[in-house]
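Here subunit A shows up in two complexes: once beside subunit B, once beside subunit C.
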Partner chain A sequence: MLTKLMRYDFRAVLKLWWIPAVTLLALSPLTGLFIYLVSFADTNAVATLTLTIIMILLLLLYILTFAAHIILTLFFCHRRFYCHFFTDEGYLTFTLPVRRRTLLLSKTLVTFIMTVATVLVCAASLALLAVSSGYGSDVAHWIGNQMRSFLGDDGFAVNATVIIILLLLFLLWLCSTQFLIQFAITLGAVIAKKHKILAAIGLYYLASNVLGLLMTLFMEFTTVFTAVAAVRFSDMSTARFDVISMLLMFMDILFLAMLDTILYLLTLSSIERRLNLA
Partner chain B sequence: MRKNIFRITLLALAALLTLSLFACGNNNGKHFTSDAQLSAITDGTTTYTQHALPFGFYRGNSLGEAPVCRYKNSLEWDGYYTISLYEPGGDSGILFAESYSLDLDGVYFATDEAEAELQAFFGGQYRNFALSCGANRAERILVPVAQKNTILSSYAGSVATRNVDVSTIDKDYWFPLVAKDKSGTFSVEIGALLVLNQSWYYADFTTLDNSHFDADGRFSFRSGTITVRQLAGDAVTVANALATRYFDGNDDDLAPVLAEGKTLESVAEDNEANATASFVLFWVLYVFAGFVLPAAGLTVGLIFATRQKPHARRWFIVVGIAGLWLLISGVVLILLLV
Partner chain C sequence: MEQMQTEQTLVCRNLTKSYLRGRPVLQNLNITLRPGRVVGLLGPNGCGKSTLLKLVSGILVPDSGEIFICGEPQSEATNRFVSYLPERTYFDGHMVVAELMDYFGDFYEDFDRERAETMLQDLGVDRAARLSTLSKGTKEKVQLVLVMSRRARLYLLDEPIGGVDPAARDYILRTIIGQYDKNATVLITTHLIHDVEPALDEFAFMANGGRILLSGNAEAVRSERGKSLDELFREVFSCLPN
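After this line comes the complex of A and B, so read on.
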């Protein structure tokens, strides 16, 4: 049943999602081509001016499409979540012979997959832009340098572990953003009889500020440890320092995992127990 | 009305285009040509010959940032490649070439006169010197030749040597001494001043083998041991003065530390005081992030597991995560204290 639900959710979101995605991917090489022509082509002044004007306009359009693509993905996914559960459409949704947790799981998985797809489309469009503008090797070189300076020379095993942890942290952060919006929409719909969306937006800002403060304190703790360790734990062996650093990163993961689980379960509880569409 | 707006827009665009034609004028840069091997470039009056940059020398400052260049023009080579040409400084007689498809990083073009100057520089006749700080800082101060000589003479006479593991060097007190050519275009790090146990030392790069340098010729802090010599007499005064001047003028974070007539010793005391404050903050944050937060999660999980008995199992996931978190915090605490 989950597969069927996901299929319908995907259809509903993809119906419009592909438009900004394809536009962004099509704009990338076009914008890149004009950047290339302006930067590298040996042309006279008039042609250069014309090319520069076109390039600036295309670049503006590209940046707007890039931002629109991210915002629209969030909008499409969470609009589906809101309409399917909390508007008149909800009456039909809840008559389906499906458990509410399956309904929520379907929306959650589809939103997560679409968010990851959006991130991949954005990354692909940037890569296309870099390659077509003639700066591909420069960008690759820069990324390589950044990675080398960030990861240092600690060997493949350590670097691979750090990359996996960072990737996991990124995915958990994506989840927390998504779960927070879903939680705010659900709570807004539960506590407000009218202006549910307004209540959801207010709750989202309130909750995101509180959680943002917690996250800042948590991240600050890791930073302070690194600063303090150099002076106060200077006799600590490198191996022990590495183990502690790794465990602190696991604590980051557990922090986000716990936050995500609590937000998801609170949303689920509200949908299962407190929803009153009458 | 709509028609009128369309006409006005068209007219405005035409006017803009015409104005831009006048404003742009002609492309009046020099026209460069080269031979088939790209071994020489000429603009008709001056010929620039290609030379390879020797190992250890680089363009610009100690961070490898290119010097300020003036764009000269582009050059088509081999019927396919477009090469952009830049000239650093004023009329230095040196040209750099950049191309999307060709790797021209390790070469430069110079007139015969400029090349003779450069060869003397590459051979060790250094004209001017600068001191930079740390491995990642862009700012530099000029070092008068007399001060450089004082440091190096003291270094040469010093008998107090010390072996240092390069990975343990504090980069906040690592000052590479950079020599530059007459035009200020090329640089080479000839050594570095460093502070160890509140004393000044000098590391002479000219005595080190290639294993101490990266592929681009920069000093490597990854591994290895170097021998450094302690500075004495006037050299210490010079080094203190240089460091104070450096911190005074260039580093926002460290400027207040040495600006008010402070010494390196007082800097060390301040650092110790800051570290103590950070140490307290660290333990406060540690208790909060390591114990208070997971305990809160644990409480939430247990409360909901009790209240929602049919769904208790899902809330035990939260309890499990919080428990694991507390466990890891405990392990970290033991590792920190034992």
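After this line comes the complex of A and C, so read on.
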């Protein structure tokens, strides 16, 4: 049943998702080409001004499409979540011979996969932009430098672990953003009779501020802890210090994983027990 | 007792339901439906007819009480026995009628696609039409056709003919409700008692608070009291001052 549900959810989201994705990918080399032309054009020529104007307009369009792609993905996925669970369409959703946890899991997996796909499309479009504008090698060099300065030169094993941890943190952050939206929509629909979306938006901002504060405090705590450890144990070996840093990052992962689990279970519990379609 | 529950299509025991900050819509309601019967659940607005159907279909969660469908406690699993038609349009407007048939076919093992195709053709509904482009009445026809094309054990029809034209109404009553599986039970709520009356085997008059005022065999009422259900309903729920 999960596969069937996901198939319909994917089909519904993809029906519109591909439009901003393809637009963004098509705009990247075009914008890059104009950046390239302007960079190497004669600065005094009148044609350069025209090229510059076109480049600026294209760049503006690219940035807008980039933002729209992310926003629309979230909108398409969460609109489906909202409509299928909390509007009249719920009369069909909840009379299917499918467990409610399977219904939620389907929406969650599809949203997560589509979000990751959006991130990949955005990354691909940036790479295309960099390559087509002639700054590909410069950007690659800059990223390499940044990575080296962040990770250090302590050997491949440590660096690979740190990269995996960072990737995991990023994915968990994506999950928490998604779960927070789902939780706000669910709670908004449960507590509000008429203005469910307004209630959901209000709750989202409230919850994200509270959680943001908690996250900041937690991150600050880990940073301060690392700094204190560095001063206190100045004779500590680099390897041991790396291990402590990684442990702290693991704590961050644990914190995010706990947060995600709590938000998911609260949403599931509301859908299973508190849902009352009027 | 257990065997009796299995034999009945629907058993509701001491069912109570109230909405937020309100008094109970249903209070200690008990109702039992046998297989092979078309039952009319009739009552004034707000007496809890739709609420009962929503509770049985799992849309709402009861405050207390028990619901058994074909011997099993109500859950997502019992949805395979129940075909529910709400009183509103509830399909995704972006879907095409044929896609909806695929959807029903994928999720309900008892969905009879051939039957659905025939009924849609008889009612003049285009399979390739997008739901959002159809009129309210046509949408209701599509919903009714899909719901009645399942070989379910229990049909819950909330105002099934309220929004359709009189010609389609006759077709629906004759062809759809009249030709349902003889082992199934159909529970209909409607205000169009006069239209539905010929299709009913049994009836239950429900008053505010979900109390069953009167129930029994529809034919017996007509022969013993010399009144149609419509007339009896008007008499029981008369709003005119004496």
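Heads up, the rule we're going with is that the second predicted complex is superposed on the first by the 268 of 278 C-alpha atoms of A that agree within 3 Å, B and C clash if a C-alpha of one lies under 4 Å from a C-alpha of the other, contacts with A are read in each partner's own complex, and residues count from 1 in each chain.
By definition in this document, a residue touches a chain if its C-beta (ideal position, glycine included) is under 8 Å from a C-beta of that chain, and two chains touch if they have at least 3 such contacts.
Computed from a predicted model, the values in this text were never measured in an experiment.
*Asks:* Touch check for A:F40: first (subunit B), second (subunit C), both, or neither?
*Replies:* So A:F40 only meets subunit B here.
*Asks:* I'd like to know which partner A:L2 touches here: subunit B for first, subunit C for second, both or neither.
*Replies:* neither
*Asks:* Now for A:A160: first (subunit B), second (subunit C), both, or neither, which partner does it touch?
*Replies:* neither
*Asks:* Name the contact category of A:L206: first (subunit B only), second (subunit C only), both, or neither.
*Replies:* neither
*Asks:* For A:M251, decide between first (touching subunit B), second (touching subunit C), both and neither.
*Replies:* In the superposed model, A:M251 contacts subunit B only, not subunit C.
*Asks:* Would you check which partner chain A:A123 touches, where first means subunit B only, second means subunit C only, and both and neither mean what they say?
*Replies:* It touches nothing on subunit B or subunit C.
*Asks:* One more residue to check, A:L49. First (subunit B), second (subunit C), both or neither?
*Replies:* first
*Asks:* Touch check for A:L64: first (subunit B), second (subunit C), both, or neither?
*Replies:* It touches nothing on subunit B or subunit C.
*Asks:* If I apply the document's touch criterion, which positions on subunit A are contacted by subunit B in one structure and by subunit C in the other?
*Replies:* The overlap between the subunit B and subunit C interfaces on subunit A comprises residues 273.
*Asks:* Where on subunit B is subunit A touching in the complex?
*Replies:* Residues of subunit B touching subunit A: 20-21, 24-27, 74, 76, 82, 84, 100, 222, 271-272, 275, 278-279, 281-282, 285-286, 288-290, 293-294, 297, 300-301, 304, 308, 311, 314-315, 317-318, 321-322, 324-325, 328-329, 331-332, 335-336.
*Asks:* Tell me, which parts of subunit A touch subunit C in their complex?
*Replies:* 1, 4, 8, 12, 15, 83, 88-92, 94-100, 193, 273-278
*Asks:* What does subunit A use to touch subunit B in their complex?
*Replies:* Contacts found on subunit A: 40-42, 44-46, 49, 134, 137, 153, 214, 217-218, 220-221, 224-225, 227-228, 231-233, 240, 243-244, 247-248, 250-251, 254-255, 257-258, 261-262, 265, 268-269, 272-273.
*Asks:* Tell me, which parts of subunit C touch subunit A in their complex?
*Replies:* Interface residues on the subunit C side: 19-20, 54, 57-61, 76-77, 79-80, 82, 84, 86, 88-92, 94, 103, 106-108.
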